[in-house]
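Read from first to last, the chains carry the letters A, B, C and D; within each, the first residue is number 1.
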Amino acid sequence: MKPIRLGMVGGGSGAFIGAIHRIAARMDGHYQIVAGALSSDPERAAASAAELGLDRSYADFNEMARAEAAREDGIEAVSIVTPNHLHAAPAIAFLNAGIHVICDKPLTATPEQAQALAEAVRASRARFFLTHNYCALPMVREARALVAEGALGQIRLVQAEYLQGWLADEVDNKQAAWRTDPAQAGAGALGDIGTHAWQLAQFVTGHTPSHVSAEVSSIVPGRPIDDDARVSLRYASGAKGGLWASQVAVGQENGLSLRLFGTEAALEWRLEESERLILTPKNGPAQILTRAQDRSTSYRTPPGHPEGYLEGFANLYSDIAAIIRGDTTDLERVPGLIAGLSGMSFIAAAKASSAQGGAWIEIGE
Amino acid sequence: MKPIRLGMVGGGSGAFIGAIHRIAARMDGHYQIVAGALSSDPERAAASAAELGLDRSYADFNEMARAEAAREDGIEAVSIVTPNHLHAAPAIAFLNAGIHVICDKPLTATPEQAQALAEAVRASRARFFLTHNYCALPMVREARALVAEGALGQIRLVQAEYLQGWLADEVDNKQAAWRTDPAQAGAGALGDIGTHAWQLAQFVTGHTPSHVSAEVSSIVPGRPIDDDARVSLRYASGAKGGLWASQVAVGQENGLSLRLFGTEAALEWRLEESERLILTPKNGPAQILTRAQDRSTSYRTPPGHPEGYLEGFANLYSDIAAIIRGDTTDLERVPGLIAGLSGMSFIAAAKASSAQGGAWIEIGE
Amino acid sequence: MKPIRLGMVGGGSGAFIGAIHRIAARMDGHYQIVAGALSSDPERAAASAAELGLDRSYADFNEMARAEAAREDGIEAVSIVTPNHLHAAPAIAFLNAGIHVICDKPLTATPEQAQALAEAVRASRARFFLTHNYCALPMVREARALVAEGALGQIRLVQAEYLQGWLADEVDNKQAAWRTDPAQAGAGALGDIGTHAWQLAQFVTGHTPSHVSAEVSSIVPGRPIDDDARVSLRYASGAKGGLWASQVAVGQENGLSLRLFGTEAALEWRLEESERLILTPKNGPAQILTRAQDRSTSYRTPPGHPEGYLEGFANLYSDIAAIIRGDTTDLERVPGLIAGLSGMSFIAAAKASSAQGGAWIEIGE
Amino acid sequence: MKPIRLGMVGGGSGAFIGAIHRIAARMDGHYQIVAGALSSDPERAAASAAELGLDRSYADFNEMARAEAAREDGIEAVSIVTPNHLHAAPAIAFLNAGIHVICDKPLTATPEQAQALAEAVRASRARFFLTHNYCALPMVREARALVAEGALGQIRLVQAEYLQGWLADEVDNKQAAWRTDPAQAGAGALGDIGTHAWQLAQFVTGHTPSHVSAEVSSIVPGRPIDDDARVSLRYASGAKGGLWASQVAVGQENGLSLRLFGTEAALEWRLEESERLILTPKNGPAQILTRAQDRSTSYRTPPGHPEGYLEGFANLYSDIAAIIRGDTTDLERVPGLIAGLSGMSFIAAAKASSAQGGAWIEIGE
């Protein structure tokens, strides 16, 4: 199958989420990234595009939308991986040009931008996608399926948390700079991670709260944006809930979790152990569900091959590439013949010892 | 940077490890798979090659080695992802043709094949790599670094385990068939997973046991190959150890672990929680090391983005591809405008409630 | 040292917390229970007292207070283990009689009762104790010590939870009946477990919130008392917090936890793993503190002998008592000579095998 | 019911296991300790007896056996809590005197002593009990019941471990001294903890291995007794197993565990989480069994009140005793009126806030 031609806005050298999007686009071979406006600085844009081997680099997303829409072999979709305040304008430009948009979350920095973008989506023949990535994890999808089929009965209590500690102090780097600037980010913890928790709860339960009562704080002195938000939730069904998003929770790396309590069972998921789902029926023991019990088929490896199994394999392949290209002389990281022979010696010695009633056998060379 | 031209032997439709190797090769963009002998059945080979969009399909690995070596744009490296008894012959053919070999483990099915392969490696100007993938996980590399710098003192006790349950009964599928056939596999649990545990302990400790005492069993009645192996280890240093590999440990998905006890500290790693390393100094509290403490730099995401974070993102991208291509009408799995607007409503309502002293605010549409 | 003479009000046959108080009083040998008004029903009171071997049974706590105060060998202290609405009256009676009071929590069912009790405490020469038992666990005391010495820096975020599921439906038993009756309990989840979480946070942090914003609910239809309470907290220091108490959290047995985030470190404790304390410094790895790092000395066993080690021992002793008294003929639960001889055979065989280079040795009889 | 009159041999001031036995004997009120030969040093014996408030102190266990057997109110049972080499002689003396014996494990230091003791047990009308305490834990008993009723099918693999780190260096204290002296202990890790693991596996599976193959080591240089033992097990049924006992596993406090794999399910128990049992059916999700699923009734508290709940309560009672007796002026550890009033303020403020739609309410004094 021919890969989809993909463009990218933002995501130049040193960007975090742009690199993630590129790996995700590459992983299953469905895309080829061919064009980009990777930076608002034309020189950095060109340099980044060259580094990534893109065919076409643009200095401006409006020009890119126009030019690509005009080409026979123009991009079919574009990934927008800029700070929040730069989501709406490029998204609208590409939508107007009939090019599908894959946009990072949250939607925009301001309600006005969101409104303008909504109108563009509705007017366009192209599609709009928002990368709330956590809802695509296998056990999150399984959680949604369990709720949908009634495994929890009626949901009564919902608790979503997203705790990080990396903004516990004033942080002086690119990632922190725009996220703590109200003009660029719109909202702080609320927007950056609170919307993830909100969407996660919504995705899994199938319900949106009707009312919220909140305490939104700037804990770090002098910070012009929220860094901690506690929100109580009411649902039309009578269910109650809570959502806590914080970026000053020292020591928390990426503590996203969801706990649901229904009339019949409870369900708990934590990103830290993302391949497990704890289902506790009202009168039975808790069950640890894994992909072995999952019906969503959204995975590439067998159960029990979790947490970066693919990344581990890719590490080997990338290290091998560096060796083949002569970029490194550190051969130790990649096993080779010696490791293979050692394994064969192990097999032979173990078989011999067992055959001799547990006698101690020396490992051959 | 131009991708390395890669070929593949084995890995046709339905293969497990071939698909894994392809994802790993794609992930960082260092390779382009251009040629393959994906199956010993020429028709299946051609069909699989077409499905994957390979430029060149071969019915035979010898022919492939000859032809590719002769081409200007021939492959620079080949991945061998066949059953164990078919590692040596293709590896030797490509090594002889001067093409780098990336081979799945264990080395071969028999000591004789290993010997022949070793000679070919030594005689070739091309390199040979063996994909013991677990040693490429970030915290495993960190474990090796900690041991090397003496954090454990002198190692006294080594315990490696690799427990699976999928062969607890006679299993009738392709993966099980060759793994339980002595002619194709050479060894059972010893070779398939025991060598992983052996290499893991070796990689992290930097030491190879000098002697083993073993009890190798076929637990499932009538099975012609080992499915459980318990091996006691002696090291030249006086350290003692154990290695337990089993494929009949019911309920265990992929239970690889390593525990080390030294004169100064203990270190524990489990694949199930692969992003954690427990370091326990002799007189201090246990420490939970994560990538935040890791110096190996072999990772693509920040600490706390574990277990399939990239796969989750890739799920979105692949689902989006299916939508764009019109292969699915199930739009629910991928968030879009509605999710984005809901997030914006959440932000606005939370801010308003907080500003009004926790008053309950209705969620706008 | 002579044991303190103790009386008990409430705690007749079938009572939960009365039995707990008696075990606690017996464990270290500091008390002898000699008198009681174990039930408001005189016959049940007398029967329960006889069963427990008390010297003196009273039908009425006022009479008991008078009579015991008048005796040379009267009780020195009394445990009050009645439902909440019956805390104040007996406590006042004993305090007025100069007898120390050990009272179960919460203080009373109503603010008026609390006021009256407070006056009696202030007027009495006897002492008043309230059994918020969780603050007496070793690692909770250690948590308090860590906070007090500044290990967390300034506390910014406090999160206390106490989740149970046993009242997820209407429950028809003695324990549930008074706890869901506003007249007897005063408050539901708020009083029964919310006050535990409140006191725990207070005890460990050393601070009391200045303001609360709450959503208190009766989730089970028709229940006349609260069974779920979410409370946001503000501290005078600027710290923010949350407290969630629920008795309808299906599947949760007794989920008490406390999480603190300061300027320098985070601290987490969960009753489910009550012998661990997770301390995460801002820039270092998380540490798992156990009693091995604890300076509180409030324990009876070495580190690593957790969760009912003493109860396991006591089970043996109680089973032995039943055997000695001829109350059971089930001897299997308590190991004896055969188990002992088997252990000796194991030792001998293991030594012999090791001496013979791992030869397989038959286990003698 | 009248308590059983109990004596004790060993267990003087500073003893570890003697104190444990006394707490266990007291906990349910079934025993009264009235006599002891608490030390081989008559003065220390008398001082310890006085401290414990025993009625009768003996300098010699032979004399004690004779004298107590002769008294109308003599002891009915005796606890022997001496080092291993001093188990047989007193046990024989009391058995010969017709007094039940409760003996700490292992049985004896030598096979000869075991033989003599066995003859005495068989000749006596009194009973002999051995305190392998772990088999009395609720979830261990539940494990045994599950195996007995066939929940695992036929057991194929057994893995028992008991890992401690406290003897990783030469240790200079009373507990270590006799345990590392072959004359007093007989065996090291094998006897002290290996027999616990052996009995645990035996108790739960109902089977004793037929053969062992072992590697028994003294890891600490110069230590005259074993401190690490790895034992492979064969069962008559064809099942295979392993037992690993070590006292040099740095950082391990008391790591006792048992893993069983059968034809139908796996079962795992760890002392560190002693109130959980993981049951994994061959094709279903793992289940976390707790006392809520337990049928053994060997417990004093509801599910979810784990790990020292009773000890926490007892801490309060003992601290209260110290306050009442005037032994301490530190009143902070025990909550009292102020904590109680604070809880009442919390309840009132939470109710008020909720009634006022989440308005922030100031906490009253």
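Rule of thumb we're sticking to: contacts are C-beta pairs under 8 Å (C-beta built on N, C-alpha and C of every residue); 3 or more make two chains touch, one makes a residue touch a chain.
Per UniProt, the chains are A, B, C, D = Gfo/Idh/MocA family oxidoreductase.
Quantities reported herein were computed from a predicted structural model and do not represent experimental measurements.
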item	value
Greatest separation from chain B - chain, by CA centre	C
Pair joined by more contacting C-beta pairs (A-D or C-D)	C-D
Rounded Å distance, chain A centre to chain D centre (Cα mean)	48
Whole-Å separation of chain centres (CA-atom averages), chain A against chain C	43
Inter-centroid spacing, chain D versus chain C (mean Cα positions, whole Å)	21
Per-residue overlap in chain C, given as positions that touch at least 2 other chains	213, 215, 217, 232, 234, 252, 286, 290, 292, 353, 357-360
For the chain C and chain B complex, residues of the former touching the latter	213, 232, 278-279, 284-290, 292-293, 357-358
Chain B residues touching chain D - in the complex, by the definition given at the top	156-157, 159, 165, 168-169, 213, 215, 217, 219, 228, 230, 232, 234, 238, 240, 242, 244, 246, 248-252, 261-266, 280-282, 286, 353, 357-360
